[in-house]
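First chain written, first letter: the chains are A, B, C, D, E and F, and each begins at residue 1.
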Amino acid sequence: MTKYRIFLVLSFFIFMAAVTNTALSANLEKNASEKVEYEKKTVKSLIKSFYKSTGVHGFLNPDSQATSTELNAESDFSHSWGRLIMIFICILLFYLAIAKNFEPLLLLPIGFGGLLSNIPIAEIAGPDGFLGILYSMGVQNGLFPILIFMGVGALTDFGPLIANPRTALLGAAAQVGIFGTLVGAVVLTQTTDLINFSLQDSAAISIIGGADGPTALFIGSKLAPHLLGAIAVAAYSYMALVPIIQPPIMKALTSSDERKIKMHQLRKVHRLEKIFFPVTLLILCILVLPAATPLVGALCFGNLLRESGVVDRLTDTLQNSLINIVTIFLGLAVGSKLAAEIFLVPETLAIIVLGLIAFSIGTASGVLMGKLLNRLSKADINPLIGAAGVSAVPMAARVVSKVGNDEDSSNVLLMHAMGPNVSGVIGSAVAAGILISIFA
Amino acid sequence: MIGESINFMIIGMSVVFLFLIIMVVVLRCQGYVINRLFENGAVDTQEDNNPADTTSDLTDAKKIAIISEAVKQHIQQNR
Amino acid sequence: MTKYRIFLVLSFFIFMAAVTNTALSANLEKNASEKVEYEKKTVKSLIKSFYKSTGVHGFLNPDSQATSTELNAESDFSHSWGRLIMIFICILLFYLAIAKNFEPLLLLPIGFGGLLSNIPIAEIAGPDGFLGILYSMGVQNGLFPILIFMGVGALTDFGPLIANPRTALLGAAAQVGIFGTLVGAVVLTQTTDLINFSLQDSAAISIIGGADGPTALFIGSKLAPHLLGAIAVAAYSYMALVPIIQPPIMKALTSSDERKIKMHQLRKVHRLEKIFFPVTLLILCILVLPAATPLVGALCFGNLLRESGVVDRLTDTLQNSLINIVTIFLGLAVGSKLAAEIFLVPETLAIIVLGLIAFSIGTASGVLMGKLLNRLSKADINPLIGAAGVSAVPMAARVVSKVGNDEDSSNVLLMHAMGPNVSGVIGSAVAAGILISIFA
Amino acid sequence: MIGESINFMIIGMSVVFLFLIIMVVVLRCQGYVINRLFENGAVDTQEDNNPADTTSDLTDAKKIAIISEAVKQHIQQNR
Amino acid sequence: MTKYRIFLVLSFFIFMAAVTNTALSANLEKNASEKVEYEKKTVKSLIKSFYKSTGVHGFLNPDSQATSTELNAESDFSHSWGRLIMIFICILLFYLAIAKNFEPLLLLPIGFGGLLSNIPIAEIAGPDGFLGILYSMGVQNGLFPILIFMGVGALTDFGPLIANPRTALLGAAAQVGIFGTLVGAVVLTQTTDLINFSLQDSAAISIIGGADGPTALFIGSKLAPHLLGAIAVAAYSYMALVPIIQPPIMKALTSSDERKIKMHQLRKVHRLEKIFFPVTLLILCILVLPAATPLVGALCFGNLLRESGVVDRLTDTLQNSLINIVTIFLGLAVGSKLAAEIFLVPETLAIIVLGLIAFSIGTASGVLMGKLLNRLSKADINPLIGAAGVSAVPMAARVVSKVGNDEDSSNVLLMHAMGPNVSGVIGSAVAAGILISIFA
Amino acid sequence: MIGESINFMIIGMSVVFLFLIIMVVVLRCQGYVINRLFENGAVDTQEDNNPADTTSDLTDAKKIAIISEAVKQHIQQNR
């Protein structure tokens, strides 16, 4: 016990000494930030220059690193308290990812990238830092999201959609989340003074409603790279929060009887149907909306390799080593956009709010379309599966299954929810293509 | 600008629905045709969709090894 | 039944409506290709601009995308019908790869890259599209073929060649296919008006006779990048067609008695011989033909890692994740050279024809050299194994084995054919070095 | 230019043959020397050419094998 | 027997013929190095130009490739004999890697890269050669060492350090090897005429004493890229030689009784301690020494992914496919700095000597600090484990274990030595940060 | 310059020691706090540090778990 108290005291002492000395030395030599010269130096002067290279000094004296053009209170704030706040937020992301299992595959790398990008002096997110190198390698040009999409294609079985194509309409309806949020962002810009989103910005934010990570990153990096950090964090956070966001909306819009509806077993799907599917989808996309073909094409490529059954070693690579490597790089690079001076702006709060609205609208539209379809169609359709139309594969489908089970534990909705779920991915990619063809 | 954004919403949702409706129609036609022409190939979802990569060439990495092994055994057995 | 007829009619109606409207809108606003402005617009005008961004419009109005310098009938054709033809060809490649198992590991990615590169408006093969990015990342500079060669080295057991080195002469003879085709391409250029290959072009085409994919891509990207698509498709197609092209030639040039010749079992090979082999080969290549060392060096590197036995984790990576990732990237990037305006030219037909000639000459030379060796050498040599000298590992060796079995089912030629087969790879790389040292 | 291309063919095939003939000679010498000096190391093709990577350090990524082994032993010890 | 003699004579004849002809042709046409023209040529002239493109000619006539600025005796030497010597050295590296198991994972690729970079004419290490491409892709900008460090983080269990943190002081003491060598390099520069290291060079060399490959490569590529080859070879060679270098020093500085000291079993470590460790370490590094955060951050990133337990697929990728791919690329690219004109300079010998001194000083300091700690601390500490503080994970810890066992075979020191071992990695990264903050 | 390099050595070693001493102190405090607050989570080194990735979705790279499970079942069946 006493032993540990001693440690605490000791560590406090060391820390305070460092801080005090640093502050002193910083005040004494504030204007000595020029490159260290190699003339004969005393140990004392060396110690002083060392103090100026510590992070403690960096946080306390943000102005010494600011370039002349941004020497103002705002950058001062973002370089001192701002950075500390962001580091705290990143550690919060670690907590959510590890303890609460919030999309850890992306939020851990993004959070770590954010932490690294807020370190003073080191400039890890700068053009010569490794985050900057990764960013220009594959985020700026959109390559990494495309490669992820190939992996998603290789991992996705479109069988449930092929077996019951009409569920695609649920995936279409859920995209109201995207375009509704676009309107919302414009309204916010027009009605408030603090928030000023361009149409490109608004479009990039609205794609959060697509509930699809790579699509959001692809559009974000094309239309609004300065908002990419907030968009990525919002998109992945809400995808992780699907089990909390969706159920109340689903329950509010459906009656208990509707939630108990049982659906017929899916028909068997011919192997050729699965092979033809990616090719058909791509041709359709070429005819109707070429602007969506980079995303849809990557998805179809991965899926064609998967279903062809003749290139298993490539499929396996897409599903594992390639998608994993790219996920690591992409997460870290996107994290570099969590630097305080980019992230700690009022726009970020607006993005968080708009993203939540987008998810809610998408879920509601999907469920309502499910009710409509159930009435129009001869076969029974449980409206709950409409909620899976937002994408967030496969989390949203699982949520549907769980809400269905809560009402009637003998009701198995998972495979039925996969149809709208994967068509939600296609719908979001189509919406992304529309946004690109209008705004890019 | 708000009016315009509502226009974007209308056209956007129309295209999304148009696209997916066409997709539904095409998928149904395709499914109908395929199941007529090739009746015996229907499979359950998530079954048989990865038939072993028996013949592709650069692949299966160690084909050469496997083949030489097979040949060896074949020869030894036939002695 | 009736239900499906309704669908057919409905889909036809929708398609026709889209096409008609598109054509109309295109005619009405042909000169409105400037960037969409964000002034207040009616829904009607938005629909019109949307139609102009559809692929249907893109195919019907190729001139709206052509740059001023290429505004002529030819580019019009290649941007409308040309693209449709190419998309059809790419789907044909899918069919051959999946149903007929034609080198699917490369023809599927190449075909898909080709499909994507022929999409109007999206510019996926342009410098900012992902195919263009992959192309400049590793095809333009020759990196991807080199990495594939490392993987090939790590996958190849040179034991059969070391056990019976004289079979290397068969691999040498088969390279007549390369240089004979070089002559053929020059003759074609001199005697026809339509075809005009430079010497560099001719050399790049002739390497198809090497029957080795990465070598062809390496030389093609160095000497004639504009022909790369045709060269790649021809090379991999003919490698896939080896079981159809070779047997008639083999049977025509050998008697039944010759095909029945049995060969002695291969001697055992010392582990040190296998370790020394890649180093010896590379030193030889350095002394005689440094220009071939990038290719031969990569092959030897992979093989040395393999045979060293002390870096299994690196060997495994070369054989699997690295070669797979690069194969995907390489295939897609090469496919970008299947864009209609590059591919649908008379030269492509000439390349297809010359490639076939190259394969045939190579096979014939190998078999004839086999007959010669059989006469000169004390030990029996079945001339069939000469056909394996064209490379096309391991397909050509299997064909030899099969043709031998057809004649005498107790004759096991596979391991004997592997010697000429792998020496064919070396021979092609040497020939490639010669072409580079003369023409690059 | 046709004549020149024939020249290229002659020189090209000469170099290819020269290269591979030298290779044949060197391989034979090498095989002779090695098999004289280290008589007991001859191996069949595709056998023993991947001795386990016993000492390299970062490696040993054969966790699966190791773990299953460990689990086995653990269970056996606890019987 | 006679058969083989014939082969020997024949091969000698062929080689001599090639050499003689080459020399002749070289003398006849020394000034014909301009690009081969495609006018009509006789076979004879073609043969002559071919000879000029052989490696034999390249070695014998180094001046024909030298640029005008370096036409002097020195470059002549390095391009003829120098290259042969380097090729011999690289083959020696193969021998050490394969037969003696000297860090084969890096020395095989480095050696092969060195071999390829010394090939005349081919320019594989030039900016357009594949070694040059790999070098600029990830060595020049420091990306590859950072990725390796992520893999190291994912592979390292810091449990032993967390269980007994005071052993970190041993890892600190061993860094005297780095700074002592810095002094040594400066002394050498001041006292000799032949050796002239700048302060940057000296700092880059001294990092060899860190006994950590990626750290050495990271610092080397930042501070002294022209010395990178020698630094890399020295660092990895000495890491491989740890079992030979360390034991005599360890035994000289300890008594037999000290070597027999048994240590208490390590306490159990809470899972949360392991998860917090990388975050704590990084925050500390941010506060004290931001310049070290690229390296320490990469290490912590890999370790956080590992210990989080929620992203096993990413951890697995860091530990396997990614680290393997990068190791191959990094080794080859570093090998490109073994080109004779860069490597065969007096400085290399000085680097080799200084590296050995660095390792020895580091080992000695670690052991001496172990003795000091043993006296100051209540719990017994075997001073041998101080030798593991040089890093060289996990070789140094194994050496400690072995030396301990030699004295008392019942003494199990391995886990106790892992604490100083991994803290040595951290200590080296901190030292690297100091060198960067002073010299970069 | 030699004197200066000795200065570098002094400051360098001071920082290295400062850094690692602070780390030691912080690790001890951290260990104390964690083991007080969460008493039941202590694990042996190299055990239980990879709890199965139960919920993450894209994954399924759970070879280790699967194999050890398989081994276990195999052993149980053979009892």
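Quick note on the criterion: a contact is a pair of C-beta atoms (placed from the backbone, for glycine too) under 8 Å apart; a residue touches a chain by one contact, two chains touch by 3 or more.
Bear in mind that the values here come from a model prediction, so they are computed numbers and not experimental data.
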### Query
Which listed pair, E-F, A-B or A-F, shares over half of the residue-numbered contact pairs seen at D-E?
A-F
### Summary
When D-E and B-C are ranked by contacting C-beta pairs, first place goes to B-C
### Task
Please compute the C-alpha centroid of chain C, do the same for chain D, then give the distance between them in whole Å.
27
### Message
Averaging over Cα atoms per chain, report the distance between chain A and chain E in Å.
### Response
38
### For chain D, residues contacting two or more additional chains
1, 4, 8, 11, 15, 18, 21-22, 26, 28, 44-46, 56, 58-59, 61
#### Entry: Of all residues in chain C, the ones touching two or more other chains
38, 50, 101, 104-105, 157, 159, 199, 285, 288-289, 309-311, 313, 320-321, 327, 415, 434, 438
### Summary
Residue set of chain D touching chain E in the complex reads 1, 3-4, 7-8, 10-11, 15, 18, 21-22, 25-26, 28-29, 32, 55-59, 61
### Touch list for chain D against partner chain C, complex
1-2, 4-6, 8-9, 11-13, 15-24, 26-28, 30-31, 34-35, 38, 41-46, 48-53, 56, 58-59, 61
### Query
Quick one: in the complex, what on chain C touches chain B?
4, 7-8, 10-11, 14-15, 38, 40-43, 46-47, 50, 101, 103-106, 152, 155-157, 159, 265, 319-320, 323, 327, 394-395, 412, 414-415, 418
## Note on the structure
chain C contacts chain D in the complex at 157, 159-163, 165-166, 168-169, 171-172, 175-176, 178-180, 182-183, 186-187, 189-190, 199, 202, 266, 268-274, 276-277, 280-281, 284-285, 288-289, 306-307, 309-313, 415, 423, 426-427, 430-431, 434-435, 438
### Touching residues (chain side chain C, partner chain E) in the complex
141-143, 146, 150, 199, 275, 279, 282-283, 285-291, 293-294, 297-298, 300-301, 304-305, 308-311, 313-314, 316-318, 321-322, 434, 437-438
